[in-house]
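First subunit A sits with subunit B, and in the next complex the same chain sits with subunit C.
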Partner chain A sequence: MSAIKIENVSLTYGKGTSFCKKALDDVSFEIEEGEFLGIIGHTGSGKSTLVQLLNGLLRPDSGRILLKGRDIWEKPKQIREVRFKVGMVFQYPEYQLFEETVRKDISYGPKNMKLSAEEIEKKVADAARFTGLRPELLDKSPFDLSGGEKRRAAIAGVIAMDPDVLILDEPAAGLDPLGRDVLLSQIKDYHDTRKNTVILVSHSMEDIARISDRILVMNKGKNVMLDSAKAVFSRGRELETMGLRVPQITRIMMLLREKGIPVDTGALTVEQGFNEVLGCLSANHSAPAKK
Partner chain B sequence: MVRDITLGQYMPGKSLVHKMDARAKILLLLAIIVFIFVAANYLALMLITLASMLVVLVTRISFRLYLKSMKVILVVVLFTGILNLFYGSGQVYWEWQFIQITEGGVNNAIFVTIRIATLVLISSVLTFTTSPTDLTDGIERLLSPLKLFHVKVHELAMMMTIALRFIPVLLEETDKIMNAQKARGADMESGSIIRRVKALVPVLIPLFVSSFRRANDLAMAMECRCYNGGKGRTRMKILHFTKADLVALGFFLVVFAGVIMCNIYFPATVR
Partner chain C sequence: MGSFIEVKDLYFKYEEEQDGKEPDFALKGVSLNVTRGEFVAVVGHNGSGKSTLAKHFNAIYLPTTGDIFVDGMNTKDDDRVFDIRKKVGLVLQNPDNQIVAGVVEEDVAFGCENLGVPPKEIRRRVDEALKAVDMYEYKLHSPDKLSGGQKQRIAIAGIIAMEPECIVLDEPTAMLDPRGRDEVMTTITKLNRENGITIILITHYMEEAVLADRVVMMDSGNVLLEGTPEDVFSRVELLKRHRLDVPQATELCYKLRGCGFDVPASVLSEEECAEAIIKLIKG
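And now, the complex of A and B:
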């Protein structure tokens, strides 16, 4: 069964005013249980709106959002339950920290779920481990942490609710390259361990390509592609018309192909690209030798 | 949503009112407010209210926006209106124990309601048609005589500019933080008042923290550009009185004279 099913969802901001803007236009797709989905799109393509719909922060004008087969707006009063099941990490989540200690801040979500003290403690410890927060940091004030640590603490605050679906909106924005890599591999580890559904929104094609099972491409409020990373990036030209850039290595492959070298343009990592080129070269070398 | 607040939002335009000098607009606004309260009978009040409505029409800003800014203070208007209903003397219309509605009370209620509504309407004209920079610039210039008494007029005006400039930023930030905390199960829509106030803490603290951070960044940026207060500071845009100001001034002088005449020649309805 699909984890989340979106049926003909449309949403318009500022209806009836001069700022009226159609953010989502008849979007339908399914997210599989346990899948790692990447969402890419140009600024204003509706991807942030889309993810806020998934956990009930926004309500669609029309269409339905089914979480494990149930409409999340079936009982509007119980929308909080949906938010516990669909955890959402916003952009720059470190700005939401407010408690005296990191531990208290991470337990804010679980506390709202009315869990027992032991359960909360266990969830906090788990979340801290997944995000690589050292135990001694837990009793510090969140405002004394470094930027990267704050980010981890905030993400831990959502992971601690143990959601079935975890949504991360640009989790690595503004981090240094090393911090980026570490954070993303931690998210990947989390996904591999918990086997739950993770949705990652990002601008960085490299990151998305590396860790997602499938990629959803948004453009002007519509979902234009939903396929494996390889299939999506092999349509590089189309992506470029939407103002999106394919990963560097895919671009090189595309250029090589245009020059008449028969490489596969679906290469996503430098290693794959390297092997692809190597394969072509050896094929080329062996071909004339046979003549 | 927090973003829907229109009170005090600049709407760019090219109307006669937009072209007026900020100083003239501020002074005229003050005078109009005084005369709204000077008007003591229905005729005088109608005159000043109609004149204000005319100004609203001249701004060519959709009346819906004005209504929206009135909506914010609707509760205050109704509250004072109803309160005034029971306060007054004269012929008694309705009575229940010690509460009574009298002719004077009804007049009071109508007057207070129209006065506040007109007040908000004409004040909205100022904020809708004047950019925040022009507005504070105007205030600074009008207050500049106070410099003689060592009042830091420029600094005050600068603080106001900055405060106005950051209102939309803070509203947006509030929205974001509220969403983030709601995503963590914050419940801001139900429960007793005390619980709701408590639920605001997770929003207010991050908001404070980020305001201080912004203030710090801004101070740093200003210092980097050698800002050192008002002394010797020149302006990019210098305010000029124009023909539009003369027209407005002339029009309102006539209106004010009319209000005074009405007050003199007709009996006062309210004290």
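And now, the complex of A and C:
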């Protein structure tokens, strides 16, 4: 069964006013259970609206959102349950830290779920471990942490609710390249360990390419592609017309291909591109031997 | 040619924290010169001090010890702060925090109004600034209906209208999608090349730093390395050790060199990289 099924969902902001804007236009797709889905799209393409619909923060004008086969708006009064099952990490989540200590902040979600003290403690410890927060930080004030640590603490607060679906909107924005790499590999490890569904929204094509099983491409309120990273980025020209790009390495492969060099344009990382080039070179007698 | 901005042995410490312990210096003896008309990119990991440095260029922060001269004026000189801010404009990361008015042209005029520029002159400057960032046709729009890249260009226009000689941009593209990033970078490059405005760009994106005349790499509150983009990015290992990336094109060539293949170390763009590989394969 799919984890989430979106059926013909449309949403218009400011209906009946002069600011009326169709944010989503008849969107339908499914997310498999345990999948790591990347979402890309230009500013205003509907990505953020879409993810806010998935955990019931917004309600569609028409269409249905099925969580494990059940319409999330079947009983509107129980929408809170959906928010425990679908965890959402907003952009710059560190602005939402508010408790006296990091431990209390991470406990906030599990506490609202009415878990026992022991369970809460365990969830907090697990969440801190997944996000790489050192135990001694837990009793500090969140406001004494560095920017990167704050970000981790905020993400831990959502992970502590142990959601079936975890949504992250630009979790690595503003981090330096190494900080970005570390955070993304921790999210990937979390996904591999918990085997839950993770949805990542990002403007970084390199990050999305490296980490996602499949990629959803949004353009002007519509879902225009849903496929493997390789398949999506092999349509580089189309992506460019939507204000998107392909990873730099994919562009290099495309340029080589145009010059008749038989590399796979599906290469998405430096490692893959390197292997493609090596393959071509070793087929060539003039290549020097590997050191 | 003389320096437009001169940073001399700058040390800076943030105010004491609440729990009484002395904070460490955020900047530890930075010395740096920027020539008039130059385009300088400043890179460095989180906490390296690059944003702290950026806020010194127009006297938002003042050195704890050391001095900064902008066109010969010391930023510590209270009487000159106003003149310094006229010469050096600052653009920040999040465009939503920089927009103050409900109509694009009013927003762009805001800085000029505060400088006491006569209304007729404001009209001329606003129109020119909007044309410079390619947003003239949006002058009567509401800024909150624009895309991130458009909003950031409006913020830049607001600075241009004050006719500064130098613009400092602190991660202006961090919140933008790829097209928005391109738009902003094209605007910055154009202002530098065509209008001769000195640019200091703080960025995490190495693809942007590549466009500069000179790259300054910060680490733990000091300048670790500076040079042309070709020089700086050819030092792949040093950069990686300091939590920085190199463009993927540079990294691919670096790996090929590591295997003994003859490709240049100074490759920065996709085109250069493809060209080097084609040469290698076709001989």
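In the analysis below, the second predicted complex is superposed on the first by the 280 of 291 C-alpha atoms of A that agree within 3 Å, B and C clash if a C-alpha of one lies under 4 Å from a C-alpha of the other, contacts with A are read in each partner's own complex, and residues count from 1 in each chain.
Basically, a residue touches a chain if its C-beta (ideal position, glycine included) is under 8 Å from a C-beta of that chain, and two chains touch if they have at least 3 such contacts.
Since the structure is predicted, the reported quantities are computational estimates derived from the model, not experimental observations.
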Touching partner for A:Lys123 - first (subunit B), second (subunit C), both, neither: neither
Which of subunit B and subunit C A:Lys150 touches, first, second, both or neither: neither
Partner chain in contact with A:Gln248 - subunit B first, subunit C second, else both or neither: second
Touching partner for A:Gly109 - first (subunit B), second (subunit C), both, neither: first
Comparing the two partners subunit B and subunit C, which touches a greater set of residues in subunit A: C
First, second, both or neither for A:Met205, with subunit B first and subunit C second: second
Touching partner for A:Met161 - first (subunit B), second (subunit C), both, neither: first
Partner chain in contact with A:Pro177 - subunit B first, subunit C second, else both or neither: second
Touched partner set for A:Leu97, first subunit B, second subunit C, both or neither: first
Subunit C-contacting residues of subunit A that also contact subunit B: none
Subunit A to subunit B touching residues, read off their complex: 52, 55, 57, 80, 83-84, 87-88, 90, 93, 95-98, 108-109, 112-113, 143, 157-158, 161
Subunit A - residues contacting subunit C, complex: 19, 41-44, 144, 146-148, 173-179, 203, 205-206, 243-245, 247-249, 251-252, 255-256, 259, 261, 270, 273-274, 277-278, 280-281, 284, 286-291
Of all residues in subunit B, those that touch subunit A in their complex: 173, 176-177, 179-187, 201-202, 205-206, 209-210
Subunit A-touching residues of subunit C, taken from the complex the two chains share: 19, 44-47, 93, 145, 147-149, 171, 174-180, 204, 206-207, 243-245, 247-249, 251-252, 255-256, 258-261, 270-271, 273-274, 277-278, 280-281, 283
